[in-house]
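Shared between the two complexes below is chain A, which has chain B as its partner in the first and chain C in the second.
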Partner chain A sequence: MSTALESPAPARSRKARRSAGNTAPTAPTGPRENPFARSGAMLVMGVFTLYFLVPIWWLLVAASKSSSQFTSTNPLWFADMSIVQNIGDLVAYRDGVYFRWLLNSVFYAGAGALLATVIAGMCGYALAKYRFPGREVIFNVVLGGVLVPATALALPLFLIFSQVNLTNTYWAVFLPSLVSPFGVYLARIYAAASVPDELIEAARLDGAGEVRTFFTVAVRLMFPALVTVFLFQFVAIWNNFFLPLIMLRDEALFPVTLGLYSWNSQVNQIPELRGYVLIGALLSIIPLIITFLLLQRFWRNGLGTGSVK
Partner chain B sequence: MRMNKRAATVALLSVAAVGLAGCSSADSSPDSSGDAAAAVGDCAPSTGKVDLTFTSWIPGMEDVVAVWNEQNPDIQVAVQTGPNGNGGTYQNFFNQLKAGNAPDLGQIEYDALPNFRVQDGLMDLAACDGVLDAQEDFVDWTWGQVNFGEADAVYAIPQDSGPMAMFYRADLFEANNIAIPTTWAEYATAAEQVRATGGYITNFSQSDINQFAGLVWQAGGTWFQNDGTDWTVDLTSAESTKVADYWQDLVDRDLVSVNPPWTTEWDNAYNTGSDWTWNSAAWGANSIMSGAPDTAGKWAVAPSPQWEAGDAASGNWGGSSTAVFKGSEHPYEAAQFALWLNTSDESLTLLNKSANLYPAAKSGLELPVLKEGVAFYGDQPIYDVFAEASGQVSADFVWGPTMTQTYNDVSDGFKAAVSGQGTLSEALATGQDSTIAALEAQAIPVKK
Partner chain C sequence: MSAPAIVSTAPVARAGAAAKKTGVKHRRAILTFVLPFGTLFALFYLVPIGYAIQRSLLVIERDGTFGQAREVFGGLSQYVLVFQNGPFWRSIARVLTFGAVQVPVMLGLALLFALLLDSPLLRGKKFFRLAFFVPYAVPGVIAAIMWGFLYSPKLSPFSAVTENVDFMSADLVLWSIANVVTWVYVGYNMLIIYSSLLAIPTELYEAARLDGAGQVRIAWSIKIPLIMPAIVLTAIFSIIGTLQLLAEPQVFRSFSSAVTSTFTPNLTVYSTSSIPNFNLAAAFSVVLALATFVLSFTFLKFTARKEAK
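Let's turn to the complex of A and B:
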């Protein structure tokens, strides 16, 4: 069962790799391509690529300018290169508080996503492989959780955390980040499809406990799904802005999104902050890019997970 | 399976225990703080060392507070921060007031104070030693912003202010032989002359309604009044309508540019010399400096144009206060800190340096740093103009309890008006209706 399910995926991706250079996704029918469909598809993709990349290009250009050139030169082309100077200013401003924020973000997103993945993986595995009363009810509640936007939960969470005096601490952002209903859903679907009951049975017969079976057998089989959950959760925590905004008051605890937002909200009256916001925003996307480059192979596999059953 | 059931039961019980523990601790804390609040109703000093929390979004506030902490080992203040008020900090204050963990002190802009007052979030500091006497230390109108016209109440200590004057391109006016306008009528005439050279006399701010309110303030109008219980909404007063019609005429005749404020186009219009003047507040000096760096040395500052020749009235744009929140257990110490923060020379100098704050304290207007000539303005000691303007701001302007909503609604109308749909005074009329509706929706009594 596992081979049956896993073998098409690499095959598909090999084919996709091979054909990526010369085949448009809209023309899967035969050897003869319609040149109009092909150039049409390329045009659509080109427009969207431009649409997504221009803001990043703008950011790169803007972050490389000194503040006096920012308003007076072409916004989409470089003036003199002062990006090193700008980074130096950012390091110096308020004792490099920005890098503290960056580290906080890496911690919230990295540790949070890792633990969230473990928890979601265990939940999904348990829901898929154990039979117990209320299993479907629990699963449906978790599914319902996917539909509730995190933003809607921020204020209730604040009031709850206030009661136990945990607002304005690392926990206030970290604990809610450990929950990923979508991760549970994905892990369950994937565990059901990729972890054969026979294998679990065999592990039990060999004397492995349930926890050991999960970590040594199931986790390896579920790995692509777990990487997907990790990436989703990493990005979700990294971009989660509203929860820290509501929870945190101490600048030393801020993630980079909230810190940059705070500065940006005062650009009108303290214009020198604009330069810091620009260079800070540029630097803040680097960790995300690194994470994606390292894990994109798994991400692509994982996205298709459960779509063909 | 029995194992599972037992595990589930244990889990449920532990969740319930945590929940109960949470509830019980929450139940006990309001009682204790309630007692404390009752005890300090007369604002007595606390005994022993006191720790205060202070939320402000001003970068560099820590450095100012560090000076206080060094001088006052028994009253230690911890700074908390966040985005500016409307960017989220006000909402946080309301959340915290609801949760019972508001900071002792918070920064609140004048236009947001009535909202906190209406929601009963502010502590009246009048009973605290030295607070009522401090009235004479502050510019008169700023005190009116924090006591809402009640003689024996003080809901916050004024921090900074934004008296308005006219920034203008001295070089362009001189080169084109155009007189510096001293009245709004002359300003309109100058606008025609400037337009003839290809420029615009200024930019009409279609979305920053605060500036427009400052112009209404200068004209002697007010948008709200409160007689102690009932609110009156007056966006369509004669003064307000007069100001709206004046700018409508300039917009209609294409004598002012209408770039959205605080954008790069807007900066660029000043940087390239296309816009010639800006009717702005003291803190705006730095905005031009950084937005229009190529024009260094070419600017100057003159008093705002007047509605009647010979008048001397000024408006205000911006400014904030330091408030003590309901629930603070140490209002006396909090008030002492707030007074020091906003009147002492060392604090005001630091605040001006780190955040361009223009003080609300009279002594602050005489700070050496505010007496110097500024190179960007041709070495003119520009803050003398603002110090004079500060004394000419009317004390009668009152903000409403739902300013965010009012700003948004008027701004929507203004944006439509500058693109030719409707007029500015119609936008004010719409804002008037929607503000009354918003007040009524919050069960705030409105007089019609």
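Let's turn to the complex of A and C:
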């Protein structure tokens, strides 16, 4: 079974055992599965595969057509391939403002998630591995923070930032996204389970400082959890809509979601924007899909940690 | 390292107080780890919330019709306005209706898919797992734009359906949005549940299989009770998400006049702040955040007690 190769160690042995049982009907593994149940299960999954993938397939097809063919040809199959032409038009349109948005998103989400992960990882590690007064209070406040969604904070943040005249700047979107209470929670649980005290003690005896021990020893052991925190923070920032919507007026600062939203809401007045929205939407989801596929080995392990607890 | 030097000067680190001694031993390291997150959390979570509460207690007063506007303390008068605001409470009722239907459907599907992935009934598990998760990489704004096209009577690939059913009508648009949200999040919830299924040791149900229990029976009596914590976690995040709906309805406003500027609570916050009436918007925000917190907290306590029984 190919999945076994990708799974964490305990799951691997378990799956190997299970699949071995299935291929050897004489082995004492109980009754074989009913063929009707098998085809029923495959049918359900097949139907929902269509549900999940057809919209994306449609977007790919739609983004590859010229605007006249978009309305006149089969929406689920390619006509003349003009995807390169469409991308070229998008680059040229208003000095490539779309790619500016894409870069903004990469900056907000990439730099923001990276810093947020380091900050949350340090805090979670300290909460797991040191005893100090106020530790439980901090953890409970952070846990409360997990339950306060980012969107509920958008207006309060706007009010605070307008107090110091920082709305409509990069900082207004970037700084709030450095805080990931869920990251602290996950990092704490994972550090408690995966970083042995003996190892920290050994590093101390070797004369390594606490901070250095964290960055050289603990980070390596916490890596799956940290990748998970990074990815989910990345997605949260990339998908964030309310905060940039309420903070930003200057188009040059927009992330790609807000940019495409603003184009989409003008489609009725400026019909040629429709083509740009389609190709822009396609280009904006490809980086995320690729990132998820490449890093899935890490985030799947880390995802389990957060929920098993 | 300088940590021991701190111990000798710190007043709490008296000989005999072992717990406190270790607490202070690495004080500098602890501060280095906790302070960055603590500062940012305070600045971008606690301070904005406090400031929003403060603003919500102010009213604008004018000397005569054209006089200078001043903000003065108005007690709870903004909250009186909130509680008298019909559209706001209708929007709360709307998202609660939405959540009562959409969250069980979404989590039911996620649970079904996770159980199928964990059963021996399926082939090609890796493919299904990825295919179902791909929509999570699509930001809510982009997903809403895509489905906006898919629902449209003329441009949709399913125009046989969309020409006869108006998915953007006042009756249906809420459920059209529910479909978009479900499409994006089923795979994400499926993976959370699936990874906690992987953590169950097979021994726990091997005996049941040998006794002839079918997959449905094993799932119902053994697996589902064991993964309840993961299901509760996904339910809480879904409830929070529902109350915070913003991006999808905001995008749908350009497709459908049925989505008003007070369609969801967050849309009400946004449109009130663009009037601009920041004090009232702040009061809306505070009430919404409180409602979210209370609802998810109650749910957490309720399910925790049920499990303990």
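Brief remarks follow.
In this section, the second predicted complex is superposed on the first by the 275 of 309 C-alpha atoms of A that agree within 3 Å, B and C clash if a C-alpha of one lies under 4 Å from a C-alpha of the other, contacts with A are read in each partner's own complex, and residues count from 1 in each chain.
Here is the rule we go by: contacts are C-beta pairs under 8 Å (C-beta built on N, C-alpha and C of every residue); 3 or more make two chains touch, one makes a residue touch a chain.
Bear in mind the structure is a predicted one, so any value in this text is a computation, not a measurement.
Judged by the touch definition given at the top, the superposed model places A:I270 against chain B, while chain C stays out of reach.
In the superposition on chain A, A:S67 makes contact with chain B only, while chain C stays out of contact range. Once chain A of one complex is fitted onto chain A of the other, the partner contacts of A:V91 are absent, as it touches neither chain B nor chain C.
Contacts of A:L245 after superposition: both chain B and chain C are touched.
Judged by the touch definition given at the top, the superposed model places A:Y125 against chain C, while chain B stays out of reach.
When the two structures are aligned on the shared chain, A:L157 is found in touch with chain C, with no touch to chain B. Contacts of A:L103 after superposition on the shared chain: neither chain B nor chain C is touched.
Within the superposed three-chain model, A:N168 lies in touch with chain B and out of touch with chain C [touch as defined at top].
With both structures placed on the common chain, the touch criterion links A:Y261 to chain B and to chain C.
In the superposed model, more residues of chain A are touched by C than by the other of chain B and chain C.
The residues of chain A shared by its contacts with chain B and with chain C are 70-71, 75, 130-132, 155, 158-160, 163, 245-246, 258, 261, 264-265, 267-268. Those residues of chain C whose C-beta lies close enough to touch chain A in the complex are 1, 3, 19-20, 22-24, 26-30, 32-34, 36-38, 40-41, 43-45, 47-49, 51-52, 55, 109, 112-113, 116, 119-123, 125-126, 128-143, 145-150, 154-157, 183, 186-187, 191-193, 195-196, 198-199, 201-202, 206, 209-215, 229-230, 233-234, 236, 240-241, 243-244, 246-247, 250-251, 253-254, 266, 269-270, 273, 278, 281-282, 285, 288-289, 292-293, 296-297. On chain B, the positions that touch chain A within their shared complex are 1, 4-5, 21-23, 25-26, 53, 55, 57, 59-60, 80-84, 87-88, 91-92, 95-96, 98-101, 103, 262, 264, 267-268, 271-272, 283, 286-287, 289-294, 318, 355-356. Across the complex, chain B is touched by residues 67-68, 70-72, 75, 94, 130-132, 155, 158-160, 162-165, 167-168, 245-246, 248-251, 258, 261-274 of chain A. Residues 1-3, 6-8, 10-11, 14, 17-19, 22, 28-31, 33-34, 37-38, 41-42, 44-45, 48-49, 51-56, 58-59, 62, 70-71, 74-76, 119-120, 122-123, 125-127, 130-133, 138, 141-142, 144-145, 147-149, 151-160, 163, 175-176, 178-179, 181, 184, 207, 209-211, 214, 235, 238-239, 241-242, 245-246, 257-258, 260-261, 264-265, 267-268, 277-278, 281, 284-285, 288-289, 291-293, 296, 300-301, 303-304, 306-309 of chain A touch chain C in their complex.
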